[in-house]
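Step one of this worksheet: look at the structure below.
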């Protein structure tokens, strides 16, 4: 088992053998988060490069890790990587493989980084990419609609309101209504970028870290715009997920609507438009019969998207960030001490990740003072942040 | 029955006597839209002032209508207004009363305006007000949190992550996490204003109008920023409603979370905080027992808000803007004519609202050309709009 | 307890003295639960009649209360009752009025009954009535469809599947498909009755009561079938609410579907059916134009119903029945005692509702033994229940 | 290309080459419906055995098909089957392979069966199995709880209501509350079986079939209880899907609740219970620290289940069974004929599946008369069904 420089094991299967089966069934996410492999490796490489730049790890160790991670990436891309379902998720799979390849020094990828900021960083990078692809697709769609509108300014069609009679309208006018809709959709996805461009890496488990990391360096290298500003908010924030799912839901309503209108207008009863063969499907039994199946599926997908939004809303509503509050309180009570009187040994029993570097942290205030990484809980950080909040009156 | 200058009846109960009961049960919205009375009267007054400015109605008629509407407003405010549930909604109630007060000329409030743009305008003004009040409340909350944080920079509390041990954090740091959350919420509500500040008034039923109205005048008077740009989009757009409900849902998650954390930290087991008597409720049986009921209720409201969002998404998903397409197509087919060959009499049978002013509209192209109000379907409008879309590459 | 540098408790609320208003806004339910007045009065009368039958209260007191409650019912029916919004809900309003009318003896309506079982009982009676009305309406609808089908066995119409061609079908066959659907709906509502017919009255706050009440008497008088079997389940169970909302949602899909099909088939393009004037609405402007507005509204209501179901699911998901667990544990710890060693005085400080009748309850075991009302937590009850569960293997 | 005995092509890729990519992306379901392979093969075998029994196909053909299908099953089980993603779903994959193995006679599996009843049958068998497994698990759970309760009749714990003080309760009483909840859940899943035990096979595309099939035979062999009674209802009914998803949602609330209570009671602050090592996960870093991760995941799953329910509700709400109504109406109108006057050639152009066996079907009435399979649209069937509905007054 790998140890870190404090002679503690670095990683371990958190799953006890006895519980493996039950846990695997309900807890494993490997089949889903597999697709994050690229983001996970990219962020780990940038992280160790920063650790080296900040003189937290050596040149040799940094190189070893980067070489190992690139090799793993290659294995995955070439489909030679063997996934181990017992290792819960993609992050554990990559870590275990790195340990197999380069040995104990693999553990250094967890210096000044926790599973919390690692996973959120990977997921944000991935979601930012998806979000940007959607923006690009909306742009293309909008441009295509404008071109089509340009050719149909004087094409006349009946326009209808819910309970009113028909009025003649220009087909271009109808099409440009969708430019308005997809432009609003694009605005939502663009707006999502504000959050998606804030870098979570470096907030560690919750409070920031006492290592002298450089969050602006990783921000630049991972193409974020700013580091996130508050470590507590960062580890619990999932707004960027529901914002994305909501943006998809609103857009899906518009797509579903144009799909439905095109299905009806393409039907033999209405014959207002004639769909291109590329989006209808015929059959050799009835070659003359052309069903707009892909449009039907577009309509159907909307329900799935709504469902995902509501799953996530329900999950967020139920998250108990507080549950374990009990533990430290209980620990203090049992020891008849106020929290602020806990000895470093006692704190160590609670917070096993404290490193030798913080042996000088002899009380809680010093512990907090030490969390001076950007966004961390150090008193100085907070004072600066309050001044900045007041100035921005944001 | 009132007639407009084209000698057509202006308003009427759309409800046949036989169906009154069934309809009232499932279709009436008076009990809910009552609260829009102020917005409805305000928008009607601005509308007729614009009609007068544009020389579409006379000074005398304008004055009569404005006087009548102000009197109705006064009656409602003083609770002397008698609502008639048979008249479906608040708009019909006000119209009917105006007719009682000033007679037939009440009908002129529908010149160059349809029920479609009227209702959407009222609702947008109302929602903009609600949206702005929420922004103000979020601002106050954020400022209060910052003040409280300022006094608690060196107050230490245990911080917890989902599956990790506790770490000491500054209470100010915890509080400032909520500044981040509520700031994101505020950003969403601010973002809603882009749509809420676009004026729907003047798109008429669907296509714009041939009257020479001035949408920029009503925009300014009703404190919108711009008129909406596409009449078809305007009458069917409800994005501003789901945007608002989603913003409320995301904000409710944060409120629910802080409420839950305060409930637990205030409990006898944790005793980390002590809630002010003003937000706990005791009872005369157990005066020493203080339940944080208001916080409990805040948690509970979240479900209601999610439900509203889901209702609206489902409703929008199912809207058939297209259903009546059938009618005009059928009419043309029965008469063995192409749509563009319909005579004005035939068009009139379909579109009863065509006025004497458009008698010169002898074919569909001219009809479309006549809809030259901003955002309307006239060919010139559309050409300008395409140029503008291309320029903005928005 | 942590203090900040000003030696003050770290958090106090910003809600000012007049918290009544805030509370009323978010906590009051009077406007909604008003309609339960009948059920509340009915259940209270049955309850005190049972108390008298069991010799728990005197003939005189019972009569006074019944007289007072009937007078209140009369006041409400005749719209002479003055609601006080400060009194949160309908139950408090009725209690307060009873106290005004008959004085202190009004308090006896709470003997052997808590707010918990009172509210659930009222709500179940009300929901059972709504559920039964729906069953009756479904029955009528099914019968009407069968009659209509009977007259249309040989009426031919085109039948359609999603992506297949049309086939000739009997209109009766189409109609009978809805008999199948509404019969499934009816089955769901009938199934709801199993839970709606279990009487919650008598489980008191949580554990049952030591008074010798007769839950079978109140069950019979309130037309339930059985008393509920487990007091803990009874006070937290809301399955009967989501079952009802789900049944409405499934039924709404069928209603929405037939409404949509009738709208389309009634349209000028299809003209397959001709809707009765009673469910279309015309206007004096366009008397020939008949919109099936009521059908449109039926379609729209489905979203509202889905939203209600989702609200309730979210609320139930978040309910913390456990939150106050902290209190008694804390109480015991502070007093260095195991729970079972608490003195009666100490228990009394926790459970203020213990009456003189239970002074003999000198330890927790006796306390539990005393809760021998049907469904209560007494050891004997539980042993019997386990035997019964095993026998029913249900 | 394969032909059936009526010299028509039997199967074909419904997807045009040009549209393959778009369609595959949004329309393919192979990755999901793969797991239905067993049900699909089982139902096909029973179907051809019935066809042979009814003398619709020969002994030789039946044997060939059964042999082919068993071979395919074997290939899939042994993971030697090569899936072709271009073939949309599992049903197409199996059909294509059967054609490769036994040649043109593979087409006979579609005699008197359409894709509609085939897919619904497979899915119902699969869902019935899942439903039954859940019932078995609930039974086991209930029994285990009763056993645990039996051992804890006199174990005392604090019981809590939402806003009331704690009261002593028997731990067995607390546990038995979950027996009540899971028994209600079991009742819902049992209730689902009524629909899941109705056999859809034999309703063909929509109207039943003119082949003399025996739906009671396939019902018995596939272990259903009855054939469905109305072919139109059968092809559009998805109630059994939402019933299942709702049952899961209600059950998930209870599971989530017990998981949450156990997490809290297991925490160091409360220490009311001590979870078995099998459901906690520790780590080699902190062996003493045991997180109830599996319980946490159980809580989290509830949101996913709610999301699935709402996806399906939204999808059902939007289904247009009606869309293609237009086609036949248009066909008739173009040909200036009433529907009932269409010639057999014209009908054939609409309904390509009419076989030589029904050449005697010279008008629509005869066509309907011919659909005499149980649940089909023949007049005789309908008359009998009306009598049966009336008798059952169901």
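So that you can tell them apart, the chains are marked A, B, C and D in the order they are listed, and the count of residues begins at 1 in each.
Methods note: contacts are C-beta pairs under 8 Å (C-beta built on N, C-alpha and C of every residue); 3 or more make two chains touch, one makes a residue touch a chain.
Just so you know, these numbers come straight off a predicted model, no measurement behind them.
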Contacts common to chain B and chain C (chain labels): A, D
Pair joined by more contacting C-beta pairs (A-C or C-D): C-D
Inter-chain centre distance, chain B versus chain D - centres from mean C-alpha coordinates, in Å: 42
Inter-centroid spacing, chain D versus chain C (mean Cα positions, whole Å): 33
Averaged-CA centre spacing for the pair chain C and chain A, given as whole angstrom: 41
Interface hub residues of chain D, defined as touching at least two other chains: 162-163, 165, 256, 260, 264, 269-270, 286, 291, 293, 302-303, 306, 310, 313-314, 317-318, 320, 323-327, 329, 352
In the complex with chain D, residue positions of chain C that touch it: 114, 116, 142, 146, 149-150, 153-154, 156-170, 172-174, 176-181, 183-184, 186-187, 191, 194-195, 205-207, 228-233, 235-237, 239, 242-243, 246, 249-250, 253, 256-257, 260-261, 264-265, 269-270, 272, 302-303, 306, 310, 313-314, 316-317, 319-329, 339-340, 347, 350-352, 364-365, 367-368, 377, 379, 381-383, 385-386, 389-390, 394
Parts of chain C lying in touch with chain A, wherever the complex brings them together: 2, 162-163, 165, 269-270, 286, 289, 291, 293, 296, 310, 313-314, 317-318, 333
Footprint of chain D on chain A - complex, ascending: 1, 8-9, 12-16, 18-19, 22-23, 26-27, 256, 260, 263-264, 267-270, 277-286, 291, 293-294, 297-304, 306-315, 318, 320, 323-327, 329-331, 352
